[in-house]
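These notes open a run of structures that come right after.
Consider the two complexes below, in which subunit A is the common component and subunit B and subunit C are the respective partners.
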Partner chain A sequence: MANQFERWHPLTQFIYFLTVIVIMTVKLNPLITLVTFFGLALLGFLIARGDFLKMSARFFLPASLIAIVINPLFSHEGATILAYFPDGNPFTLESVLYGIASGLMICGMCFLFYSFNTVMTSDRIMYLTGRLFRTLSLIISMTLRFIPEFKRQLDKVKKAHRCLGLKQSRLKDGIDIMNSMIMWSFEKSIDRSDSMRARGYGIRRRTSFHIFTFTVRDIYYIALMLIVSGWYLTMLFTENIYVTFYPLFYYGGNLILSIISYVLYSVLVLLPSIDIILEEIKWKSLQ
Partner chain B sequence: MFENYYLISCIIIILSFIPFMVMLERRKPHAREIMLVAVLVTITVLSRAVFFMIPFFKPILAFVIISGIGLGARTGLLVGTLSAFISNFMFGQGPWTVWQMLALGLCGFLAGLIFSGRYDEGKLHTVLVCIFGFIAAVVIYGGIMDTYTALLYMGNMTKQSFFAIYLSGLPVNLILGICTVLCLALFTKSMARKLRRVKYKYNM
Partner chain C sequence: MEIITVDNFSFRYPDSKNDSLNNINIGIDEGDFVLICGKSGCGKTTLVKNLKPVMIPNGTSSGRILYRGKDINTLSPEGAAINIGYVMQDTDTQIVTDKVWHELAFGLENMGLGNKLIKRRVAEISNYFGITEWFDKKTSELSGGQRQILTLASIMVMKPEVLILDEPTSQLCEVAASELVSILKRINEELSTTIIMIEHRLENVFSVADKVLYMEAGKVTAYGATKDVAAIMAKSDYIDAMPASARIYKGTGLHGGNIPLNIRDGRRYVKKYFVSGLEKKNFDEKDFCTDTSFLGKILKDKKEKKEDCIISLSEVSFRYEKTGADIISNLSMNVRKGLITTVVGGNGSGKTTLLSVMAGLLKPYRGKIRTEGKIAMLPQNPETLFSRDRVYDELSMVFSKENDKNLIHRLVCDMAEKFDIEHCLDMHPYDMSGGEKQRTALAKLLLTSPELLLLDEPTKGFDYYHKKKLGSILRNLVYEGMTILIVSHDTEFTAKYSDVCMMYFNGGIVCRGTPFDVFKGNSFYTTAADRIAGDYFGNALTVEDVIEECLKITT
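Presenting the complex of A and B:
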């Protein structure tokens, strides 16, 4: 069943992912990465439950662990020396902190793309690209249509190949099948493009079918997200939020403005989760 | 102010795609050309499925290069970027998508630039194509993807850390290179002939 986040307009969803990834990566900030990490973990869990937990344990957390380990091994900057490596390079507190922060960021990025892949289905991406780049999105949609057809034909060719009793080496079989598939798809493509022309391709602007509606809610959400990201970037550039890792970990800037920024950013990250949870509560309370 | 080179590089890569996309829209390509590109992308994306029983056999790059040779640099770039994008519909988009698009697109583009003239004259040497394929796999594709890894994982960049990342990526890149050479040796001739036939038969 589609949840509230999946009912957002594709543009709103895209802007959500875009603003989060820009704010998260523009400057490594421990608090921002923490908020992103937990916010996106919650979102991933709400969207996919068990599958998300499985993927996190299997791929996302190990990937970020690698980042945590790698950084102190290669980065020897920083003033607080904890120990020395056998080759004489220092092992510093700052590089450990940086490693942890960047590991969390990478994990957050994995979470983000997990939600992205679940929510932004190909028709949504097509809808977004189709507005600006018509030919390109036409090619993408034709390819997406062609892939299952190609797979079906591939299956047929493989079976025919087996029925003929041709059992050579694996490579040789693959080559034969591939050659047959290539010729089949070229011929098919020419037939189809003639049919496209016969139906009037290129005469007028193309329209495409979609089921998305842009509601007032989307306007509010987009405005909120743009304001929050604009606010955060301004705070960053005016150095009201100021973080450095090297040579010493230093956290400065204007305290009150920073707190406001973090609260605003938390709202931005949690926006879809709040939407999903509120909907759930409403549904339960009405039953 | 900016310390994160990953974000900046991504933005630059995306901006560098825009001229080509606008060019494509302006040109208003013929239905046959669009269809042929779509088919080439399909073949490229699913070539992996044909050889699924052979482990580590990834022919994607080889088919991108052949498309570039057969149809020119512009189409090679298009086939490369789109196959990276669309194969990620199946395997999942991620922070690597943009970089794969750049790497594959560049390989297709260069293949078209170097070989498509010779192909049109009918003087295509499979050996040269294979050498190019190996360089493309190890240096261009491998180099770009390893740079992506380095930029994502490394906060501050030193010579050593980059060297270590490139070195650790080398085995994977060599496997891809060998695979690409094998595929090019097997398919360049036959697929070039098929493309020529299609182009000749349907007057493209």
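Presenting the complex of A and C:
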């Protein structure tokens, strides 16, 4: 089922993921990671609902929990000592804070890749690469065509082989199956290249066709995302936003400018979610 | 104006002693629908490959092929790619990309067209072929018929003047095949595209073709209007491969001037010359299913001893996904030893699944399967059984190395002789013809000495001659004590070669009996000969039966 975010132009989607990942990773900032974490959790839920929750509960949250627990066990930096481990190493407040922040970042990253995977389907990635490398996008497309075909054939060969019921080692069985697949692949690729040449492949410089339309909305979104990320990075490098964990956790810089930056970033992270929700409200009101 | 002129053309493959094409002279007019037929190996494919510049095989040729009066080799690469479309036999390998829309655009991308123009052309062609509903799908998710339409559309999108097709229906089921033929007819009539098509399933195509080119051993035997050439073909030994009505026409002594090529005309022919006075027989329920032969009586005897059956299924159910529908539901069947049993049923009804369950490849979630002895299964695609690069090794790999080399050699050679593949022993398995591949696969399976042989659609895509060979091989195997179970929707083959026939529908066996019992009660799902004259002659199922009955009347 398509949602509003999946209807964005691939370039807009790509810029969204790119800006979020750059801002999130350029400097570990607890507020940014918190916003990203919740924003992407909402997005993931809106895109995939149950599947997202299942994946989060099974993999993403446990992974970040481990990161949160592990950091204070191995990192003993920081000035505020809360206790001592049996081996005499200090257990510090700063390492706990750092662990939580990085754990949330890891989780946010998982959410991001989850959404990326769901939204950026093969044809979208191909479209993006196709702008730059025309042949590459064709190769990706052909590979994606070949994989399910290969799997199906492998299944058939395995079954045929099992039916033959030869009394030989599993290694030998495997070699036979592989041989059969190699022969088949070669044969198919020869036929396929015939079919390509029959349709004029290699005569002229190829163009690459796509079915995506770039709308005015995409221009607005891209402009917004670039401005917000530009703003944030400027604030960061001019030290108007300033965070350190070690030796002491310190949050500094210009308060007003920082608040503006965080609000702007929240808008950026929530942009697709807002779009999806607004669309749903509008759709319902139209019914 | 002639669009293609083949002028004194001969062609020879590099290491061959004979010409594969010998002095071919034909002219194809613009807008013609030309059907090319002939036995396999007569040079049909070689000829059409020579009509498409990038497909021309290695070899030496003499004579000329002209395209609109100019030598075909002087066409610009773009001109050749755009104007001459070529559809190969195997639909699967022709699809290059992963998405339907991308596949449609592939040729136009190659021509370097811009996005807007491609979009328009793709939209146009999708509408014409009714692709819009699956336009966004992945190509791997399409059905066989859809795939064939996609290949055709992705060539038609380039607006070719000539469309060449090499046995386009061989991988398709009956329904999809006739749909394809009607699309081709539409293309020919509405777009006046010249169509050149090789085909051996003649039942459908004779009625749409304007001209027929009949080839024998690399030479043109006849070329001209369909009816005329069909009459010439009927006099040659190719008659066996022709539609049932034509065979009845020939067998009954060629009455009247016009050769009947479809069932309707065949029926008219039989009615006019043989049964004009006879009443149509109405079979009531008591009458049908009355095979009085020994076997027919045995099969009606409900009690079956376990010893007589090689495999028995009782209330077996199977489905692929937990929430999916049952593919096989509460199916019970017994397969008797020493007979050829055929399970017939429509396409996609799950017959292949049934075979896999019987072979133990899929586990049913309910029911019991009792088997005796080793089971071997011939898959639809024999290539899945090949894993060596020489046919001899392919066959000898079945034996473990400890066996005596001379013994293995003898066994392999005997088997090769039996299956008529001796001449292929040194070849690469993929270089053999389709029929040879299938026979090699069969030979390989038999070397494992199974007691039950399962065959999955063994006649799919094959012409009459190979079917006949296969049929006699199977009969011989049964004679030697093998039990054979076939799943098929080839009614003619079933009627001719099997002992027991079961009709499979909606996950279960609907009826069982001799082919006579099963088909005689049907009016749609039966042999062509039965549809032509079955209701006049109570006991005619095959073409031979009908001919015999007709001749009885005249004498």
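In this section, the second predicted complex is superposed on the first by the 275 of 287 C-alpha atoms of A that agree within 3 Å, B and C clash if a C-alpha of one lies under 4 Å from a C-alpha of the other, contacts with A are read in each partner's own complex, and residues count from 1 in each chain.
The rule is short, and it goes like this: contacts are C-beta pairs under 8 Å (C-beta built on N, C-alpha and C of every residue); 3 or more make two chains touch, one makes a residue touch a chain.
Values in this document were obtained by computation on a predicted structure and should not be read as measured data.
Trainee: Considering only the touch criterion stated at the top, classify A:Thr25 as touching first (subunit B), second (subunit C), both, or neither.
Mentor: A:Thr25 sits against subunit B, while subunit C stays out of touch.
Trainee: Touch test for A:Leu166: subunit B only (first), subunit C only (second), both, or neither?
Mentor: The answer is second: A:Leu166 touches subunit C but not subunit B.
Trainee: Which holds for A:Ser122: it touches subunit B only (first), subunit C only (second), both, or neither?
Mentor: Both partners.
Trainee: Name the contact category of A:Glu6: first (subunit B only), second (subunit C only), both, or neither.
Mentor: neither
Trainee: So, A:Ile211: does it touch subunit B (first), subunit C (second), both, or neither?
Mentor: second
Trainee: Give one of first, second, both or neither to describe whether A:Asn71 is in contact with subunit B, with subunit C, with both, or with none.
Mentor: first
Trainee: Let me test your reading of the model: by the given contact rule, A:Gly202 touches which partner, first (subunit B), second (subunit C), both or neither?
Mentor: Both partners.
Trainee: Going by the contact rule set out at the top, does A:Asn179 touch subunit B (first), subunit C (second), both, or neither?
Mentor: Both partners, subunit B and subunit C.
Trainee: In this superposition, which partner touches a larger number of subunit A residues, subunit B or subunit C?
Mentor: Larger number of subunit A residues touched: B.
Trainee: For A:Glu279, using the defined touch cut-off, is the partner it touches subunit B, subunit C, both, or neither? Pick first, second, both or neither.
Mentor: A:Glu279 sits against neither subunit B nor subunit C.
Trainee: Using the superposition on A, tell me which residues of subunit A are in contact with subunit B and, in the other complex, with subunit C.
Mentor: 122, 138, 142, 144, 177, 179, 183, 187-188, 192, 194, 196-197, 201-202
Trainee: List the residues on subunit C that touch subunit A in their complex, please.
Mentor: 52, 54-55, 77-78, 81-82, 85-86, 88, 90, 92-99, 101-102, 105-115, 118-119, 122, 138-140, 154-155, 158, 356, 359, 361, 374-377, 379, 381, 383-389, 397-398, 400, 429-430, 444-445, 448
Trainee: Can you list the residues on subunit A that touch subunit C in the complex?
Mentor: Contacts found on subunit A: 122-123, 138, 141-142, 144-145, 148-149, 152-153, 156-157, 159-168, 176-177, 179-180, 183-184, 187-188, 191-192, 194-211.
Trainee: For subunit B, which residues are in contact with subunit A within the complex?
Mentor: 1-4, 6-7, 21, 24-25, 28-32, 34-39, 41-43, 45-47, 49-51, 53-54, 78, 82, 85-86, 89, 92-95, 152-156, 158, 160-161, 164, 186-187, 190-191, 194-195, 198, 201-202
Trainee: Would you pull the subunit A residues touching subunit B in the complex into a rising list?
Mentor: 22, 25-28, 66-67, 70-71, 74-75, 77, 98-99, 102, 106, 109-110, 113-114, 116-117, 120, 122, 133-136, 138-140, 142-144, 146-147, 150-151, 154, 170-171, 174-175, 177-179, 181-183, 185-190, 192-194, 196-197, 201-202, 236-237, 245-246
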